[in-house]
Amino acid sequence: MTALKGLALPVALLVLWQLAVVLSGMQSDTIAAPDAIFAALGRALTEPAFWADTGDTLAAGGMGLALGFGLGTLSGVLFGLIPPVGRVMRVTVELLRPLPAIAILPIALLIFGFGYRLEVAIVAFGTCFPVLVLTEAAVRQIEPRLSEVARALALSPGARVRKIVLPAVLPRLFVALRLAAGIGLIIAITVEIAANPIGLGARLMQASNSLRPADMYATLFWIGAIGWALNWGMLRLQLWLFPATRGAAQ
Amino acid sequence: MLETTGIDATKSGTQEVLRVDGASVRYGAATILDGVDLTLNRGEFVCVIGPSGSGKTTFLRLLAGLVAPAEGRVLFRGAEHRAPSREIAIVFQDYANALLPWRDAEGNVSLALEAAGVPRAERAGRIRALLSKVGLAGSEKKFPSEMSGGMQQRLQIARCLAQEPDVLLMDEPFGALDAMTRQKLQDELLGIVRDSNVTAFFVTHDLEEAIYLSDRIVALEPDPGQVCRVFDVTLPKPRNQLSTREMPEFLRLRRELFDFIERFEP
Amino acid sequence: MRHLHRGLWFMASLALLVALIWGWQVLADARILPRAFFPGPDRTWRALSRGFASGTLVADTLTTLRRLGLGWVLASLLGVGLGALVGTSKWAQDWVAPIFEVLRPLPASAIAPVLLLFLGLTDSMILTLIAFGALWPMLLTTVHGFSNIHPRRKEVARSLGMGRGAFIAKIALPGALPDIMGGLRLGLTVALILVVVGEMITVQGGLGARILLAARAFNAAEIFAGVALLGVIGLVTNALLGLVETRALRWQRR
Amino acid sequence: QERTSVTLLYTATTGFMTAWVAADQGFFADHGVDVDLQLAQNGSIIVAGVVSGSAQVGLPTPTVALQAIENGLDLRTFASTNIFPETSNAGVVVGAESGIEAAADLVGKTVGVPGIGGLLDVTMRQWLISQGVDVGDVNIVEIALPQTGDAIRAGQVDAVASVDPFSSRAVDMGVGRLIGNYLDVIPDGSAAGIFVTTAEWAEEHPEAITGMQLALAEAADFIRENDAEARESITRYTTLPAPVVANVPFPNLGGALEPETSLGFWNRLALEQGLIYELVDLDTFVIPFPTE
Amino acid sequence: MLETTGIDATKSGTQEVLRVDGASVRYGAATILDGVDLTLNRGEFVCVIGPSGSGKTTFLRLLAGLVAPAEGRVLFRGAEHRAPSREIAIVFQDYANALLPWRDAEGNVSLALEAAGVPRAERAGRIRALLSKVGLAGSEKKFPSEMSGGMQQRLQIARCLAQEPDVLLMDEPFGALDAMTRQKLQDELLGIVRDSNVTAFFVTHDLEEAIYLSDRIVALEPDPGQVCRVFDVTLPKPRNQLSTREMPEFLRLRRELFDFIERFEP
């Protein structure tokens, strides 16, 4: 039932779109009607090359995300736990953090060339800093009483991170991961659109360059579907990982 | 083992565990504790009373090493003591925040055992024993959010006992408990202190509780917090909920404490 | 006392940055980094001062700043507003939230061609791009903040007979503020990225267009100059936001 | 004979068809070079791909290559793809009802080009200058070529410096009209695209370069005789719809490079428009064809 | 105004305010309260005692309209009552969570006034009066995180009083207070109930406190929670901390309650 409600609005929009295209009798190199798009998507789904492109984007984006998220959490936890480190790195991080990943593309291209390495590097750069900031904030906001409990029990730094810090920040780390996954996908696709001749972004660009708008929107929809599935999967994971949230209803 | 300020530590005699020397605590510009002195000896039970906001919790945090004195010193076994140690267990006043919401009762007690490096195989048994000691048998799998206030506080006490500390600092630990549970836990606590020769520092606002438990009662005066009187409790041991509370000495002390504290009516 | 403390840390942090830049210069001088695409700080600085002297860099920076500010404010209002709606209304959660989940992962840069078609090579196209892309961090963190309000506070609101508006304004929003502030910061970062992407797509002035043209001409010093300016813009805007945050979250310091 | 592997970066422009045909018909392989053709998303990244080693050979436009050299990248070129005059429809497309008739009418208007600083852009500017228009009075913006028709219809731009198939399509749709072929300003014989590699790679693989040069010459001959096979290659590499490809006119095929004839015009143009600050030494840049 | 179950509400006589009819509360499969009956009359002071975990807090939440009964009904002024109302103020046991950490003391009290639509000009004066009534004069600008536990609880009480409610539901409100502050607030509370004819429902685990305050004491039995006895308190009013506590009736009741509660020793 809930799922149906969720579908209502998107479906209504699609119908409107189809009607608009049909009624205006539009012929264009950049706009296509939903029925043509779904037909194109159906065709693409039977092509091995389409799945290879999907695999490329997911692999490059995934590796970049893993690297960026790993670096981000590690340094975030470190910065949060040992405030002096965070403070000393502050200006450097604040200067590097907002740098648009896409602005370093020209330079990264000269260094890494095309292929996985380029994409992994840029996705890692783009996801690392948001994760760092969120993790550091989450670590700082741990209930101070819990930190005192950890100190009173003289937990080793490792145990402190494993038993107090991580469980306390995990829910927020998950928000960070979901966000970073979204950002990672965006960056991966953007890199592919702008330069890297692999993956779904390149397919999108090729479709647009060779005047196949239906293919272009089909790819766009597919990217949206992937992002959505990613997010959905992570929500499941969260419920499975944190059974302790079940008592929070009271 | 009654009140003594002996500094000399010999095996058989009074053995100094914690000592506060003219310590002051400030938060920003506000002075919360001003020039406090106190010595806690091994196996001794000291209660702290004082009006709300007089600095009892702050005093406890000072002993725990959770706040550093702006002046003076805190010595633990003769050495300056600035960070908490596993030998000193703390029962916090705000129990709700001191428990890990993502661990159930067992898991919360287990935390202390894990910290002490107790092998996994041993833990289960000890956890069960501790939980039943504080009357939580049967609630092993409950998460803090599924427990009543009193149950949460008892869970925190169980975790502190799991630490097998030398010093037990408790901040109004029985504040959320009903009279019966409270009396039962008071006796349980006295037994533990006696058997394992633990030093207990106990914040309470219940005067009768203070008398029943203590070897010594420290009274704090507010604005800024200062030790303004120390009462020695010479009631015989072991104590008994019915007979001890009826002794003339008990009633005398109760009256004395009451008169004392009445001066600070807000 | 506390201010002095903070100032010292800031200086230390700045010193670290200077040391890093100096290390870069050393590497560049030793020709360990290829000169053609790794100009040292000296050449970057020269490109910067040349740009400032001619005034074009100032104009580009101001253009980027204006777009960034407008786009970010737009995204914040939308994000926090929609987040509050989804966070407090069962109805919105059922009917509207799913479409957000579908739209969110769409790469903003990929919808740029569509936006171009409807809005042309205009400021409003860049602003819409920013709003669309930078909205999600704020929306997500707001929803998260709202859903993490302690149940006791909801009960307090109910027992005081507060309406939805008062609940949002007095309890939910301030309570979610730490989360929202995080979202605003993140949104600012995303907005800066999208300003650059938008400017690169439209080539209508601004630092993004400048970097793009420099990249096409293989002028690495100018790329670095543009990137350095973007870094400074990010640093300064974030510091301003940080000031607002410490003020707004005063109560959190314990 | 030792074999060399080469990755070759191209963009989907019919001008590059000699390379496609040479690969499809095995001419490269005949000369000991195994060529792997790779599509680049846009022309501006081709040089970067070559410099970073992702590809050994790329097909940029001459102005791009000259700017790269100006900024310290050591490049060599060994062949041209196609040469001017262009056979296909290229021209400034304006709105069908816009009333713009000549270059002078573009003053104060917005003109779209596929890439600012790119070949079409600088040429269009040169055309404007040759028609007596001050370039500073025209607002030049970037648009993607496939949007030629849509952008004009939506009023985003008043004109587009476009090429086929996009310009014909805009005209066929009734959206636009051609007001002149700006590519006319380019002297005949100038290269439209060139085969570029790094100096380092060129020095290490002289025999591979010779091999490719010979293969390209063979491919040009082949295209002149075999229309159908050539169009097949175009369909494969541009992924354009087959009916579109059937109507595409073949470009003027290039091959050997003469420094002054092929690149001299671009060298001076780049200097005049401030893309480079001094003329590039073309004799060092160009590796001539083997003299048999 | 003593215990009556009269349903008829006339202006002068006992007037029923809240009524619980055979209500049960479940959390999932667990039954917490089972078939509870109670009637609260206007101006009446009812205390609830019972061992820890017996369902006192749950009972209060039921009366507040914060949980719905799985069986039976709760009537507020004769009408079914399923959502909280501004006329019913609640002092929560976990005061730390019930306060807004981003508002200072003044701001927290102000919240209730804002909710009731009190004009800004009036608020400041009323806030000051309320804060000094609970002994927090001088702490107006402190944030909850800068207050001791007892101060936070008093702040919550001030906010509830600001609501000017008809019914005051309090969950161990004085649990974190020292004896003196506690006695002072007890008298303050009795005065408020008398003057404004408020109905008070008060959860406590302090038997003496229950006797001192009540017209009626409800004792809960655990597993599942049930009203197992109601004690009428016929001590004269107004009460006095010294004389009332020495009356034979007081001592008799104390013994009776103690014997009762002892049955449930955990």
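Read from first to last, the chains carry the letters A, B, C, D and E; within each, the first residue is number 1.
By definition in this document, a contact is a pair of C-beta atoms (placed from the backbone, for glycine too) under 8 Å apart; a residue touches a chain by one contact, two chains touch by 3 or more.
These figures come from a predicted structure and were not determined experimentally.
Visitor: What are the mutual neighbours of chain B and chain D in this structure?
Guide: A
Visitor: Report which interface contains more C-beta contacts, comparing A-C against A-B.
Guide: By number of C-beta pairs in contact, A-C is the larger.
Visitor: Return the distance between the CA-based centres of chain B and chain C, expressed in whole Å.
Guide: 49
Visitor: How many angstrom lie between the centres of chain B and chain E, each centre taken as the mean Cα position?
Guide: For chain B versus chain E, the centre distance works out to 29 Å.
Visitor: Rounded to the nearest whole Å, what is the centre-to-centre distance of chain C and chain D, using the mean of the C-alpha atoms as each centre?
Guide: 38
Visitor: Please set out, as single numbers or ranges, the residues of chain B touching at least two other chains.
Guide: Touching at least two other chains: 94, 97, 146.
Visitor: Give the residues of chain D touching no fewer than two other chains, as numbers and ranges.
Guide: Within chain D, the residues that touch at least two other chains are 51, 144, 147, 150.
Visitor: Find every residue in chain C that makes contact with two or more other chains and list them.
Guide: 36-37, 113, 117, 215, 220, 252, 254
Visitor: For this entry, which pairs of chains touch?
Guide: A-B, A-C, A-D, B-E, C-D, C-E
Visitor: For chain D, which residues are in contact with chain A within the complex?
Guide: Touching chain A: residues 12, 38-42, 45, 48-49, 51-55, 144-147, 149-150, 165, 169, 173, 238-241, 244 of chain D.
Visitor: Which residues of chain C touch chain E in the complex?
Guide: Against chain E, the touching part of chain C is residues 150, 152-153, 155-156, 158-162, 166, 170-171, 174-175, 177, 249-254.
Visitor: Please give the residue numbers of chain B that touch chain A in the complex, ascending.
Guide: 64-66, 83-86, 88-90, 92, 94, 97-98, 100-104, 111-112, 114-116, 143-146, 163
Visitor: Would you pull the chain A residues touching chain B in the complex into a rising list?
Guide: 143, 145-146, 148-149, 151-155, 159, 163-164, 167-168, 170, 242, 244-248, 250
Visitor: Can you name the residues of chain D that touch chain C in the complex?
Guide: Residues 44, 47, 51, 64, 67-68, 70-73, 110, 115-118, 141-144, 147, 150-151, 154-157, 275 of chain D touch chain C in their complex.
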